[in-house]
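Each of the next two complexes has chain A plus one more chain, namely chain B in the first and chain C in the second.
Let's turn to the complex of A and B:
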């Protein structure tokens, strides 16, 4: 089986992460319960005629894919695989609202066409005239990992050489209201420094996209080797440590071999215990980092965790703003990302330098 | 009539999300499709729905749209003659 490498990355998030030459140098502080992605100059990447039909999620996905492709130095790929938990919410809401407002009449085609979950992957393929495998995984908080796993297996088995894989989520006004109503969004605004200790239920909701070119050949732009990906729909809290140790053992590692662990804490008092038991348990002597205080929570934000892990491995440095604790590690060789959302859909992604 | 043409231009811009175009950029006789504003078949469907919803004009044959949507002037003439609301 071939090894799999992350040869390029791209991120559009509530922080200014779309420029790959910088690494969380300038942090935008928020004091809110919902935070939006920082917009790159979309016009630089998408012709106006195409952009006018694209909602924010599609624009973000198309631009991030172009940044990743540019960095990888390739024109096309053997597959485009995306993950999204909620899909194109803005156009979905627009279309459904039109159905209700106009008593199921006068339905226009644009928002309907643009509202499918596969719209982002489809638009990327149209843009690069790529007729290869095109697939979107819709599986809540493991949508991105499902896409990544598919890509990894295809590359290992040499069914493909280069694959563009990413996760994308956009905020829709109505859906956000619904999430607020069911207390999935924090009741009070919090700043980035308060998120972890907010002691309230819910998360700061957000949007964004992260794309990667993964290949079975290492290039000069390579960030990391993608060693293993595993997902769990359900996993009891008391079984998490054991599941991680089993996962590491399958990859000939122990918890002590992990140089950095990337946690998906979002400050939800009801569910951060999944991470805290690891911080105080099997990873108590490991450098721990987190990122959702900077970029919020959404169904594919764990892809930002993989972005962060990739950056850390390549830069061999960890921005202070993401550190949970301080453990000196002279060389960062192995990074593990662990994420779950509301106690379900757990994922483990193992990267090596 | 002039008011209707201005209204149509504003609706076309808003409905079709024509970024960077303002009412003053569209002349009454500018071609809406092809070399003019560069609208396409999806836009034509949007305009057919707009005629129905805002002016009570239901096109039974979508091919009729080709003539009606030639320019803002032609559209306004057609609406003036056939509108039911």
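Let's turn to the complex of A and C:
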């Protein structure tokens, strides 16, 4: 079996992360319950006429995929695999509300066409004229990890050499409104330093995209080796430590071998316990980092965790803003990402230098 | 590593039957399930025909014994019915005995409830339970819960009309790589105003019975359905002395990269997908005994797919037919519905007719199989093509 490497990364998020030469140097503070992605200069990548027809998610996905392709220094790939939990919300909302508001009359097809979950992957393929394997995973908080696992299997078995993998999520106004009603969104605005201690239900909702070129050979731009990916549809809180230890054992590691653990805490008082028990338990002596205070919560934001882990491995430094605790580690060799959303759809991603 | 990917159980609910036996009976007796839509109130009712499952949601809730506070979308209910039949058919009594996962495909997801309660959510607390069932992964999570599949790989694919074919493909690769011992693969989609009106604006809905591969085809009939297949590794088949219905022998996926919704004139994507499936299976085109075509009866699909089939098979064209005249186009579920039909074809050595065909298309001389035909079948190729250029082909065989 071939080894798999993350050869390039790209991130568009509520922080200025689209420039790969910097690493969270300048932080945008928010005081809100919903935060939007920072726009790169879309014109640089997409002709304005085409960009006008695209909803934000499509634009972000297309641009991030181009940044990732540029950094990897390749023109095409053997597969394009995306993940999106909620899909193209803006066009979906447009079409549903048009159906209801106009009693099924005077409808135009554009928003329907762009509402399907595979729109972003399809648009990337169209732009690259790439006729290769093209998949879109849509399973809530493990949408991105499903895509990553699919890519990893193909690369290991040499069914492909380079694969573009990414996650994308956009905010839809109505969807945000209704998720507020069921307390999935925080009741009060919080600043990034307050998120973890907010002691309230729900999360700060957000949007963004992260793309990666993963390959079965290392290039100069390489960030990390992708060692293992695992997902669990359910996992009781008291079984998380055991599941992680089993996963690590399968990869000949112990909890103590992990140099940095990347947690998906979002400040939801009902679910952060999944991580807190690990902070105090098997990873109490490990350097812990988090990121959702900076980029919010969405179904594929765990890809930002993988982005962060990749950056940390390559830079061999950890920005203060993401540290939960302070453990001195001279060399960072092994990083584990753990994420879950509302107690379901847990994922583990293991990276090595 | 498992060399073979065995199909050991199947379940289905569609406009032509509530289980595998009823579907087979309808197929061999040329009973189509195309009618006016009854369960959805739509102003399009008199202008379109659909392949609808005639149970109401309340009937499904009773049948599945769901509590009144449940938040199942119709997609989830269809999915659970087909998934349960597949698990029972495979003779699985202890789901936890082997590492078992689910890969499902859907495009509509919980849109049926979203469009019903879109504005009501803002004022009516009672309806708010459905907010969480909107996302595409929800129906798959519910199927997993109903089957007691826990702490496992459960995921969902949405590549429009090729979703379930892709679910079968991923499932086969998960078995081959040893990630899972057993996986339930398939798809579910219910009818919704969203898809009815969406396809209506694209002007590809027929106002009468759909006629795949016919010169005068007027478009597709939308359908709703769910189907699941149980895939198992060689090791499980051996250990449990399992009855094997057929094998997933090959699969291919490609993107047409031509247009967001339309297929290319030459069917590049479909050609590539079929080529890859043959390559994975290690078979030549001449070794394919029957093609269950995507054949939606839209002007664009049947021309593009027909040309792709011609490019692969040329003079050695096996019998081919589209079963969409029976069921309508069941979108994300179609690949699984037609996988079940492909396996039934293999098991019974029978080719199902392409109903409603009268006039050959002027662009080529391909004529689908229009009568039920007995033929020794060893291999069946099933195509699924969709929006976003997504093209898939899955190859089923009697022998490993």
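By definition in this document, the second predicted complex is superposed on the first by the 353 of 353 C-alpha atoms of A that agree within 3 Å, B and C clash if a C-alpha of one lies under 4 Å from a C-alpha of the other, contacts with A are read in each partner's own complex, and residues count from 1 in each chain.
By definition in this document, contacts are C-beta pairs under 8 Å (C-beta built on N, C-alpha and C of every residue); 3 or more make two chains touch, one makes a residue touch a chain.
Predicted, not measured: the structure shown is a model, and the values here were computed from it.
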Task: chain A residues touched - chain C or chain B, whichever exceeds - done: C
Open item on the list: Looking at A:48 after the superposition, I want to know if it touches chain B, chain C, both of them or none. Which is it: first, second, both, neither?
Closed with: first
- [ ] Would you sort A:113 into first (chain B), second (chain C), both or neither based on which partner it touches?
- [x] both
TODO: Applying the touch criterion given at the start, work out whether A:139 contacts chain B, chain C, both or neither, answering first, second, both or neither.
DONE: second
- [ ] Check whether A:315 is in contact with chain B, with chain C, with both or with neither, and answer first, second, both or neither.
- [x] neither
Open item on the list: Which partner chains sit in contact with A:189 here, chain B, chain C, both or neither? Use first/second/both/neither.
Closed with: neither
Open item on the list: Can you give me the overlap between the chain B contact set and the chain C contact set on chain A?
Closed with: 105, 107-109, 113
Task: Contact set on chain A toward chain B in their complex - done: 48-49, 51-53, 102, 105-110, 113
- [ ] Provide the residue numbers of chain B that touch chain A in the complex, in ascending order.
- [x] 15-20, 38, 42, 45-46, 49, 52-53
Open item on the list: Show me the residue ranges of chain A that touch chain C in the complex, using the header's touch definition.
Closed with: 80, 85-87, 92, 95-97, 99-100, 103-105, 107-109, 112-119, 121-123, 125-126, 128-140, 142-143, 146, 149-150, 153-154, 156-157, 174-175, 177-179, 181-182, 230-235, 239, 243, 299, 344-345
Task: Touching residues (chain side chain C, partner chain A) in the complex - done: 42-44, 102, 106-107, 109, 111, 114-115, 118-119, 121-122, 128, 131-132, 134-138, 140-141, 144, 149-160, 166, 170, 173-174, 177, 179, 193-194, 197-198, 200-202, 253-261, 268-269, 272, 386-390
